[in-house]
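For reference, the structures are reproduced in the following blocks.
Same chain, two partners: chain A is paired with chain B first, then with chain C.
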Partner chain A sequence: MKKKKMVISQETMDLDFVRKVEILSDTSVRRCFQCGKCSAGCPMATFMEHPPNRVVRLLQLGQWRRILEGRSIWYCASCETCSTRCPNKVHLASIMDALRKLSWDAHGPSKESYVQLANKLFLQNIRTYGRQYEMRLAAVFNVKSGQFLKDLMLGPKLLAKGKLKMFHSKNKNLSEIEKIFSRIEKMRKKGEAL
Partner chain B sequence: MSRIGVFICHCGENISRTVDVERVAAEVAKLPGVAFSTDYKYMCSDPGQNLLKKTIQDHKLTHVVVAACSPRMHEKTFRKAVEAGGLNPFLCEMANIREHCSWVHEDMEEATLKAIDIVGMMVERVKKNRVLPAITVPVTKRALVIGGGIAGIQAALDIADCGHEVILVEREPSIGGHMAQLSETFPTLDCSQCIMTPKMVDVANHPKITLHTFSEIELVEGYIGNFQVTIKKKARSVNEDKCTGCGVCMTKCPQKKIPNKFDQNIGLRTAIYVPFPQAVPNTPVIDRENCTWFKTGKCGVCQKVCGPGAVDFEQEDRLIVEAVGAIVVSTGFDLYSIAEKPKGSPIKGYGEFGHGKIPDVIDGMTFERLASASGPTGGKILRPSDGMEPKQIVFIQCIGSRAREKGISYCSKVCCMYTAKHTMLYHHKVHDGQAYVFFMDARTPGKSYDEFWRRSIEEEEAVYIRGMVSRLYQKGDKVVVMGSDIAVGVQVEIEADMVVLATAVMPQKGADLLAQKLGISYDKYHFYSEAHAKLRPVECATAGIYLAGACQGPKDIPETVSQASAAAAKVMTLFSKDKLEREPIVARVREVGCVGCFACKKVCAYGAVEEKEIRDRQGNLIKVVAYVNPGVCGGCGTCQATCPSKSVELDGYTDEQIVAMIEAL
Partner chain C sequence: MSEKTSLNYSYYPGCSLHASAGEYDQSTKELFKTLNIGLTEVPDWFCCGATPAHNVDELLSLSLCAKNLELAEKVEGDLAVACAACFSRLKTTQHVLLENDVKRKQVEKAIDAPVKLDGKVKHLLDILARDLGLERLAASVKKPLAGLKVACYYGCLLTRPTDVPNLDCTEAPTIMEKVMESVGAETVAWTHRLECCGANFTLSRPGVVIQLTNAILESAKTAGADCIMVGCPLCHGNLDIRQKEIEGVFSTSYNLPVFYLTQLVGIAAGLSADKLGLDAMIVSPARLLKEKGLM
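Right, the complex of A and B next:
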């Protein structure tokens, strides 16, 4: 990633966005004094271009675009090690959640991330079938992400072990599941949920 | 025949690790004159000292040698113990087998042999020791306090409240010092003036305090308990007794545009002035350099309008002499400036910040005056160049401090906290503005200090950027700040309206000259040195002189006040006795040999050598010889080394003793 010079002013520091993150995650990014404990314990930090502490630092400076352009938030495994160990009670896992949600709403400025796509397809499957239909998830993901042959050779093995089913089976209480989805959608519109 | 007791200390393992102490004790026991010899784990401990006392009585010892650490460390301890054991304390000597032997050697065999030699030398020396009676000197129970900032004020009030007279000398026309310049103080944000001015008034009204403002120390003579201090009262050109402080002279003075130093030169004053309206004493001073009368011989308006006729153009500098028993030095600090420094100066300026030529780059104290309700802007934060309210303000910490290249490697201690305070003051006054702080480390050790710093970030919305600024330059009406954020790892650029630099705390100008007058030591930055960094932090090595406040090193207000009270307590301890006992290590003149050349008088640093006439019974002058005043003598031995006829000897360090030591080798 190219390291662009940061020009800081009241205009370039988008603190409104940061406030949104703070409300959604119910935590304060200002509290962080950059001790680095979150990054020290993060199992995914080696895959991130911005380790967790830097994500918070960029938020403090209102530089959210730099975060959403990258893949850090999608690599977060939500293990909550950072939140558990933070000496300043910064709930970093919630911040990551909030950032993912805001990135989703903005239709993901992160083009690299297939995680977002995978999540979307995952939920679509649940909504349609009431449970996961892995075969369809894998097929649609490969098509939509343009990597048609990705993990193809794993298919037969998984089929043989019974981990992958050829045909889907529907949940009987599909209408109940639909209720959950529509309720969340309504709450989202009102801004009551992530 | 002497009966010498030798005590070898293990010093835990400090000595016994490299020196075979038992062997030393056994070897030393064979020396002629040694009646007793032993080793012990900690001689300085209570059981160790008791062993010493008991052995003196049991073995009827006449002299004692303690082989342990440096005499600087424990000579006093052991001499006291020897005295308690019934001997004259000066019949005890220490052999230094720690600093001079065990700490600097590794080989046990060689170190042990050296230790035996060292102890043997001291055994020979102690045989020649004489009984020295203690010298008592009278104590003048008056104190001098130099510097009228918060440290001086606190010390003066504490000593005076105890009932002793205090003379407070201040260089500026008013007391108050730097604290009077501050707007609000961390970490409680109480107004500096509100807590300072009542104390200033207390000083002025205290019956035991004599205040000399606009005065300097000219000469210091004497010694602990008996100092004679010459104070120069600079010509104020206003009679302090007549002036009522009405201030008419100041309103009528035609010279109105002189930069006021108290307002960091951003406010203006007249030629006859008080530095600030709450000044104590409220007596104006004429600035002779800028006064029309002194420049051209015309004008004299102030004299004409002065009702009580207090203005006196003829006034001259006056010297007064005061006798005091103790001196508290509280001369405070000065601030580093980024301006270009003269060639060859160890301290350098900041060329990358424009050497102070960018008008909107100011220092922390100037910001204090801008934020102060009694300041030149009435408490509005307006930038110096065009009087605009800055919307983007950048603070930069560690300017000069912790910058070895600039000549200062220490931390100025107060800047982290006052910068946090500045961001708060700014946020309170400019609601739509944004403060940025470039910092390396935030050092906030102190009660409620870290909470205060975090508050400036979490509640008062200051943006702290860890990383330093490499360059500042003017671009249009903005100052461009080029820095970096090392947490993100990118360069940062801010176009600021104003930049405030947290410049380093340095000693007052001329601190070294005053130290030379007082005979106290100072470090390479000219901060005054305490006698012991941990155990004697408010005393100078020179007896009777105490330190308070930032003249010793950067300090904040609570620390300064504590140290001032501590210094006052030390002065009161000194004043609690009518007579002072001092060490009888002084020089004596052998009058038979003295030829009266007075070479000793020339070299004496203490002024202790006097001329003494020797007359016969009929009163005929036989000869003039040197006489050393034991009350004044510092016991340095310079006269002994200088005397061409070997007629001066320093008690405790006589030639006889030194020769005995050499012969023992």
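Right, the complex of A and C next:
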């Protein structure tokens, strides 16, 4: 991707979006003074084009589009090292959560859709079965992402060790989980929650 | 010492313990039975949502955990959690809902019930080291793990985040080492005990996981460890199940068995390999245990 020059002006700064991120993550990006501890400790920083401290800087400047165009948020492993080490209590892991949610809402599948696909299947599993069934999750993921052979070699070994369950039962109180999902959807439609 | 003979807990195993980490579930139940600690599984618990839920939908994640905390109220005792991810989510939910009124009201609406936040959530380590106590743990040892060098791996979620009251110091925890030393094992000092293994990407980015996990295995091996101990089924999945694959990719050999904490404490308490599910481990511990005279 060609680098676009950043122009900072009232037109390019969108602080409404940043405010939404701050509400969702319950933290303030303005507290950050760019010490860089978050990026120094981040195990995934080498995979990101904007390391964690720069994500916060871009938010301070209202340049959130640059973040969502890139892959940084989809390479965050949610290990929370950044939040733990921040001297100013900027909860960076929550900011990443908020950015992923807003990106998910606004754009649907992105370039990094494998991560989204995995997340989405995970949530669907909870809605349908109440619990997670790893074998099912992995199998459906492979089919939907077209990687039929991914980790196939692990399969027989895991089966032999009794680590993959072929059959599973649904929770008895499954209707309650469905209610939680649909209530949240309703609240969002009515604008009662972000 | 006061007579706290009857320790009873409600038990939240989490999804992994009912599938790929069956031996963690089994060894936990066996060990707690031997130590006379009661565990009653929370009836019809749900998935806590783990990392994928809060990754894209925090409200859903909080609601799922709040629902589980409500279900746990039906069983007497503090909530014992085996999985580090479930532990972190349940604790974080309690903390967030206590601090943030807006989110609490939203969650109450989503689960259509008042949230209950007074129950205590405890990881198995907490129960062994503090509730039972290291002295009583040491007294239960039948076969001290003498000469076994253990690399205690905390991973990321066991001690994070800082602002949530948690298991131990975030940056320099010692609880795993204390438990291991009280059952006679040696622990090694190593660099990667708090680094993330990338569990969230197991499905979507195995290449990344392999790199991160390799660094952890390498660090443990360099420090002279015989084996690794974990308290999280996701860490175990990466370190144990993917170890052969990693050895192939990086043309190296680690051969480090990866135990759950309940398995190692169980061996010390004199439980058999069968009861602890040791044959479910992909990297076999048989030779190591024979060498040290433990099996």
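Simple rule for what comes next: the second predicted complex is superposed on the first by the 177 of 194 C-alpha atoms of A that agree within 3 Å, B and C clash if a C-alpha of one lies under 4 Å from a C-alpha of the other, contacts with A are read in each partner's own complex, and residues count from 1 in each chain.
Rule of thumb we're sticking to: a residue touches a chain if its C-beta (ideal position, glycine included) is under 8 Å from a C-beta of that chain, and two chains touch if they have at least 3 such contacts.
Predicted model, so just to flag it, every value in this text is computed and none were measured.
> With the two structures overlaid on chain A, would chain B and chain C clash, or do they fit side by side?
Superposition result for chain B and chain C: fit.
> I'd like to know which partner A:K150 touches here: chain B for first, chain C for second, both or neither.
The answer is second: A:K150 touches chain C but not chain B.
> Give the label of whichever partner, chain B or chain C, reaches more residues of chain A.
With both complexes superposed on chain A, more residues of chain A are touched by C.
> Classify the contacts of A:S9 with the two partner chains as first (chain B alone), second (chain C alone), both, or neither.
first
> Name the contact category of A:K165: first (chain B only), second (chain C only), both, or neither.
second
> Scan A:L123 for contacts with chain B and chain C and give back first, second, both or neither.
Second partner only, chain C.
> For the overlaid structures, how many degrees, to the nearest 10, lie between chain B and chain C at the C-alpha centre of chain A?
In the superposed arrangement it comes to 100 degrees.
> Give one of first, second, both or neither to describe whether A:C79 is in contact with chain B, with chain C, with both, or with none.
Only chain C; A:C79 stays clear of chain B.
> With the two structures placed on a shared chain A, what shortest C-alpha distance in Å links chain B and chain C?
In this superposition, no C-alpha atom of chain B lies closer than 22 Å to one of chain C.
> Please write out, lowest number first, the residues of chain A touched by both chain B and chain C across the two complexes.
After superposing on chain A, no chain A residue contacts both chain B and chain C.
> Going by the contact rule set out above, which residues of chain A touch chain B in the complex?
Within the complex, chain A touches chain B at residues 3-10, 13, 28, 30-31, 33-34, 53-54, 57-58, 60-61, 63.
> Within the complex, which stretch of chain B touches chain A?
Touch residues, chain B against chain A: 391-392, 434, 436, 442, 454, 457-458, 461, 463, 465-466, 485, 487-495.
> Where on chain C does chain A make contact in their complex?
Those in contact with chain A are residues 15-16, 18-22, 44-47, 49-60, 63-64, 67, 96, 99-100, 103, 106, 109-112, 156-157, 160-163, 170-171, 194-196, 198-201, 203-206, 208, 212, 241-242, 245, 279-282.
> Going by the contact rule at the top, pick out the chain A residues touching chain C in the complex.
Checking each residue of chain A against chain C gives 24, 26, 43-44, 47, 75, 77-81, 83-85, 89, 91, 93-94, 97-98, 100-101, 104, 114-120, 122-123, 125-126, 130-135, 137-138, 141, 150-151, 153-154, 157-158, 161-165, 171-173, 176-177, 179-181, 183-184, 187, 192-194.
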